[in-house]
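When the chains are written out, they are named A, B, C, D, E and F in that same order, and each has its own residue count from 1.
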Amino acid sequence: MSVARPSGRASDQLRAVSIERGYTRHAPGSVLVSFGDTRVLCTASIEERGPAWKKDGGWVTAEYGMLPGATHTRGRREAAQGKQSGRTQEIQRLIGRSLRACVDLSALGTATITVDCDVLQADGGTRTASITGAYVALVDAVASLRKRGVLKRDPLFGQVAAVSVGIYRGEPVLDLDYAEDSDCECDMNVVMNEAGQFIEVQGTAEGHAFRREELDALLDLASGGIRELIEAQRSALAG
Amino acid sequence: MSVARPSGRASDQLRAVSIERGYTRHAPGSVLVSFGDTRVLCTASIEERGPAWKKDGGWVTAEYGMLPGATHTRGRREAAQGKQSGRTQEIQRLIGRSLRACVDLSALGTATITVDCDVLQADGGTRTASITGAYVALVDAVASLRKRGVLKRDPLFGQVAAVSVGIYRGEPVLDLDYAEDSDCECDMNVVMNEAGQFIEVQGTAEGHAFRREELDALLDLASGGIRELIEAQRSALAG
Amino acid sequence: MSVARPSGRASDQLRAVSIERGYTRHAPGSVLVSFGDTRVLCTASIEERGPAWKKDGGWVTAEYGMLPGATHTRGRREAAQGKQSGRTQEIQRLIGRSLRACVDLSALGTATITVDCDVLQADGGTRTASITGAYVALVDAVASLRKRGVLKRDPLFGQVAAVSVGIYRGEPVLDLDYAEDSDCECDMNVVMNEAGQFIEVQGTAEGHAFRREELDALLDLASGGIRELIEAQRSALAG
Amino acid sequence: MSVARPSGRASDQLRAVSIERGYTRHAPGSVLVSFGDTRVLCTASIEERGPAWKKDGGWVTAEYGMLPGATHTRGRREAAQGKQSGRTQEIQRLIGRSLRACVDLSALGTATITVDCDVLQADGGTRTASITGAYVALVDAVASLRKRGVLKRDPLFGQVAAVSVGIYRGEPVLDLDYAEDSDCECDMNVVMNEAGQFIEVQGTAEGHAFRREELDALLDLASGGIRELIEAQRSALAG
Amino acid sequence: MSVARPSGRASDQLRAVSIERGYTRHAPGSVLVSFGDTRVLCTASIEERGPAWKKDGGWVTAEYGMLPGATHTRGRREAAQGKQSGRTQEIQRLIGRSLRACVDLSALGTATITVDCDVLQADGGTRTASITGAYVALVDAVASLRKRGVLKRDPLFGQVAAVSVGIYRGEPVLDLDYAEDSDCECDMNVVMNEAGQFIEVQGTAEGHAFRREELDALLDLASGGIRELIEAQRSALAG
Amino acid sequence: MSVARPSGRASDQLRAVSIERGYTRHAPGSVLVSFGDTRVLCTASIEERGPAWKKDGGWVTAEYGMLPGATHTRGRREAAQGKQSGRTQEIQRLIGRSLRACVDLSALGTATITVDCDVLQADGGTRTASITGAYVALVDAVASLRKRGVLKRDPLFGQVAAVSVGIYRGEPVLDLDYAEDSDCECDMNVVMNEAGQFIEVQGTAEGHAFRREELDALLDLASGGIRELIEAQRSALAG
C-alpha cells in the first residue's frame, strides 16, 4: 500500500537530478545542481592560506545563502538584515563538516577551499542538494590545485552525498519536496559516503516522535537514494 | 571486552545525575542539573503573550549560554562579542524543538515559556544535560500556570530527556565527558520521550564515518541511558 | 583612428546582450540578463503592503548582491560580514531610483515591488546590466498584478535602461568590460528612458578629470547604446 | 527614631553575607558571593598575555552579566540582543577600576586576569556584591600564579570591597535590597579599601537631591559596612 | 602653599566660561558652551510623543558624541565603528539623569526633549561642560513649548550645573583641563542644583585612594565652582 | 524670464559663501565652511601610516556626519543606530574621491589624511559645501606635513570645489537651498577642478527626466558657480 505523493513519485524515488559543471567561469569549481525544482549554485574557490586559527594544513569550509526571490514568498536578504539566521549557520556548518569528512586536510598544503552554496530556486531539500553539488565543485577545485602541481598527493579519500527522508502521511518517503516537507510529521537529513557509511544523521520530530522501526525504514530509504546520487556525481565528473 | 574510559565508567554507564529544583527564587521553574561535572542552571520564565509572529496559542522556546569561566580556557562572552555563535544557536534551537515535542501549544493559552539554560561548569554533554533539566523546569512553570487557573487543560503530553553517545577508541559508549568527547571518532546526541520514541537524532562523524551496525549500537545505548534519565526526572518531580 | 579594445569591439559596440524571462518560477518577474560575461539574476517580488514610512501608494525598491564566487578572487559574503558595503548600498539605491523614474507609484495601490539583482558572474557593468534586466522583471511583476485585477491603471509610464561609458586609453568607449574598467581613466554610468532623456548620470574621474567635450562624447555614446538596450528589452518582452 | 525597613534590618545593618570559594573547578578563582538573596558567581581567569593596546605589564579587567532568569521579570539575554546595555558596561567598567585600585600591574608580568561576575539571582546591590566577591576570586587567581612561580613579587597591595547606601523614606540606610532600592530617593555605591580610603563614590539622585549632611551620613554608613565586608573577605580567604 | 597648575590658575579658579545661545537655528534650544578650550554644542530638540516604554508623561534624555577631530589624536567615529563606546554611554546617561533631576516630567505633557551634546573641541571636562550647557538648551526648548501653549505649568523646578574636581600633585583643584586630567591621581565629577544640593557625585581613584578629608575638600571646591556656573547660566538666560 | 527663487536669488547666484580656517585647534586643518545657512566643520587629521590594504604611498579619505540637531526635525544619531546610512556612506565616498582627484598619493609618503565633515546646520547642499571646505582643510594639513619636512614634494596638483544645480519650477538654478531642493524636479552635484574639468557629475531625476539641453544648461551653471568657489578658496588660503 502506498500513499499518493503530491508529485506522483514512488516512495523510494528521487526527483530528477542534474549536475552541471562549469556553470560560471571564475571559480575553479562551479556546479549548478538540481533536485527537481530545487536549484543551487555551488562554487568552490581557493585561497592560498589556511584559516587564521589553524597552525598548519589546509581547510575546507562552506557558506550557504538563499536568494531572496528563491522562495514563494520573498525572503529577507540576510546581508541587509545584518546577520545570518540560525538556520543558515546550521546549514553551512553541516555542509562544511560533510565535505571535510572526505578530505585529508594535511594533504591540502596551506590552501583553504570555500564552497559557496547559493540557492537560486527552492523546492525543499536545499541542504542535501547543496552537499551533493558542493562535493562535485570541490573535486574540480582540488583538480585545479593538482594541475598547478601544488599538492603532493590527492587529499580526497572518499565521496559524499546527501538526501532527505521523512514520514509523509504515515509512510516513509525519499527526497521530500516543499509540498511534502511542509506537511511532514518528521524528517531526517542523511549524509553518507560511497561506502554506505554515515557521516551525518539529523532527524527531527516536532509533531510525531518516531519509533525505532520507522527510523530504520528511513535509514534504508536514505541509503538507496544516496547510492543513486553517488552514481550521478560520478557521471557528472566523468562527463 | 571493553576499552578503559578515562572516568572508569562502564560503556553503558551514565555519570552521576542530579536534578535540584527551586535553585533560584524568581523564575517559576528553576533547576540545577548535573551530569557529573557538567552543571547547567535551567530557569523557565513565563510571559503572558505569545510570540509576535504567531496568531494564537502559546509558545515554548529556549536560550542557551555558557558562562565565560565554565570551561578550562576562558570562553569569550557572547554579549561582549555582539552575537551568539552558530554553535549556541544550534543548541538553543535544539532545546526548544525538543521541549515543544511534548507540549500541546494550543493548550498553553497565550503564554510564552522561555527556558534559559546557562552552563555554570562544562565537562561535555552540556546540551543533553540542558534538555534533561529544562524539561523539569518546564513542568514547574506549567504547574505555576495551572495553579493560577490560567490553563484549561494540561499542555504537557509527554516527557523528554537527552543523552550523548559516541564511539570512543572503537567502542560505543554512553554519556561522553569532555575527556572522551575531545578524543572521540564520532558522536551523537539523542533526544527521546518516555515511550522510547525518537524526537531528535543528531550524529556527526568528522573523523570516522560510522557503519549501520555502529549506528544501531549507539541508538541502543542511548535508549537505555534515557530510560534512566526519565526516571531521574520523575524522582526529582516527585520530591 | 581607434584604440584596440581588449575584446576587439568597436568603440561604440555593446557586448552581446541577452535577456531571458522566467528564469526561476516563484517570483512573478524573474530575468537572467547578460551583458557579455556579466550575468545578473533579477527577480521582482510583490508584497501587498506599502513600506512602513509611507502613508499611501505603493513603492518600488531594489536590493543588490554579488555571489562570493562571481569574481576572479572570491569576495566576502556580506551576510557573513554583518553588513552591506557602501558600494552595494550605492548600487541598490541607484537601481531603485532608476526604476521609480518610470513608475506612477500612486497607481500601484499599496503594493511594494522589490527587485533583487544578484550577480552570478561579474565582468564589469553589473549595475547597468542590473537596471536593464530589473526593468523587464518589473514589467512582468506589474503584469501579474494587473492580471489579478489589483490595479486600476498601468503604473508604468516609461522604459528605462542603463549602460556604462568611459575613456579607455584616451578614447571614449561604450559598455566597459572588466579588463577595460580596471584600466580606465574615468567612467560614467548613464540611465536613460525610451525618449532619450536622462534619469541618472554618474561620472567619476579619479585619475584623469574630463573636459566638457569628452563628457559630451561620452553622453553621445551612451545615448546610442541605450537605444539598442531599449530595443533588446522590447524584443524580450514581446517574446 | 528609625523607619521600618522592609526586611526589618537596622539602618546600619548589612544583609547576611556569604563568600564561598572554589564554587566551580576550571577557573583559578571561583567565588559565589551572596548579599542576602543577591547571588553572584565571580570567576577569575588568567590569560598569559597582556591586552593588545598595552605595551608591557599585565592587566586586570572585569565583565558583568545577569542571567535572564535572575530577576522577577525575565530580562532579555544580551548575547541575543547583540549588545551589552549601557548599564552593563558601566558596571563592568566600575568593577574593573575597583579591582585595579589594589593591584600593581607592573608586578603581574604579562598576565591578564579577567573576573567574570554573573548574577544568578538579583535582589539589589549586584554591583557591590560583585566587587566584594571579585576581589576574593582575584586573590585566588593571583595565588595560583604565584604557586606557578610566574610572579616575582605580590601584585596585590590592598583589599577592596563595596556597598550601597541610600536614603529610604528620609533615613540613611545601608546595603539596600530590591524592595528598598526601587523605592529609594537617592542611592550611592561606595568602594573602599582596607585602610578606609575611597576608591569610587557614585551617588545619584533622580528624585531628591541630597544635602551635604545627608551625603556625610551616607559615607559614614558605608564606611562601617565596608569594614564588615573587609572582615568577611578575610575570613573567607583564611578558610 | 599651592602647586603650580599648568594653566597658571588658582586651585579654586574655573576656566573662562562662555554660554552662547541660539548657536544654530533649527533646534528650539541651541547652546555653544565653552569651559576654556573645551567647546560643546548642545541642541535641545522636541518630539511630540513620549518614549515607547513609558505610558504617560514626557521624557528628557541626552545623547553625547565627540567629533573625531576634537582631540589631539583623531578619535574613531562611533557611527563608523557601529557602536557607542562604554564611555559615551556612561556620559550620556549621566547628562540625562542630571537634567531630569530638575524637571517634573508629568508637567511635560507627552513631549520628549532630547539634548544632543556634541564636542567640537576637547580639553578636559567635556561631560561637565555638556551638563552645564545642556541645562540652558533645555530651558530654551521648554520655553518654546510654553510659547506654543502646549504646557499647563512650568516643568522646570530647579537649575543644574556640573564641574570636575581632582587632586593634582597632591592638591585639590577645580575644573581640570586636559593637561591636569591626564596627570591626576583621582578626579570627581559633581552635579549640583541651585540650592547647593547634590544630584550626582562620581569620584574615581585608580592611582591614589582618597581619604575622607580629601573628599571633603573636593566637595567644597565643587560647591564653589558650581555657584559660579549657576550664575553664568543665569546671565546667559537673561541675555 | 525667470522664476522667483524662495531666497530671491538670481538663477545663477550662489548663496553667501564663507570659509573660516583654524576653527578648532587640535587638527592640522580645521575649516568652518558656510553656504548660506548650511554650515559644515571640516577637520583634516594626519596619521603617520597608510591604510592597511595598501602596500605603499599615502591615502586621503573622508568621513561625513550630520549632527542630530542640524535639521528641522531631529535626525537619529548614527552612532546610536549602530550604522551609517547608505546616504552617509555615499556622501563620504564622494568627498574622498573628489579630494583624491587633486592629490598625488605617491608624494604623501606613508601618511593618511582623514577629512571629517560634520554638518552643524543643514540647509541643502551639505555635500558640496563639505567638498569645498574639505579641500581647504586638506591644504592646511598638507602644509603642516611640509613644514615638518616629512614630504619631498607637494602632493597637491590641483584644486577642487563642488556645487549643486537643479531644475526648479522648470528653470535651471545654481546652489539649491533646502526649500528648493525639496521641491526640485531633478538635481545634480558637480565637482570640478580649477581648470574647469569635471571630477564627478551626479545627476538624478526621480520626478522629471531631463533632456540633453537641460543637462547642458545645468553643467554651464555649475561651471560658473565653481569658478567663484575656487576663487573663495584661494582668498581663504591667502588670508
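Of note:
The definition used in the following text is that contacts are C-beta pairs under 8 Å (C-beta built on N, C-alpha and C of every residue); 3 or more make two chains touch, one makes a residue touch a chain.
According to UniProt, the chain labels map to these proteins: A, B, C, D, E, F = Ribonuclease PH.
Small disclaimer: the values here were computed from a predicted structure and weren't measured.
Residue-numbered contact pairs of B-D overlap by over half with those of E-F, the repeat interface among C-F, D-E or E-F.
Mean C-alpha positions place chain D (Ribonuclease PH) and chain F (Ribonuclease PH) at a centre distance of 51 Å. Centres computed as Cα averages put chain A (Ribonuclease PH) at a distance of 28 Å from chain B (Ribonuclease PH). Looking at chain D (Ribonuclease PH), residues 82-83 sit in touch with two or more other chains.
Around the closed ring of chain contacts, the path that opens at chain B (Ribonuclease PH) and continues to chain D (Ribonuclease PH) reads B, D, E, F, C, A. Across the complex, chain A (Ribonuclease PH) is touched by residues 83, 86, 89-90, 92-93, 97, 100-101, 158, 188, 192-193, 195-206, 209-212, 215, 219, 223 of chain B (Ribonuclease PH). Chain contact summary for the complex, chain D (Ribonuclease PH) toward chain B (Ribonuclease PH): residues 24-27, 30, 37, 39, 41, 43-45, 47, 63, 65, 67-74, 77-84, 88, 114, 116, 118, 120-122.
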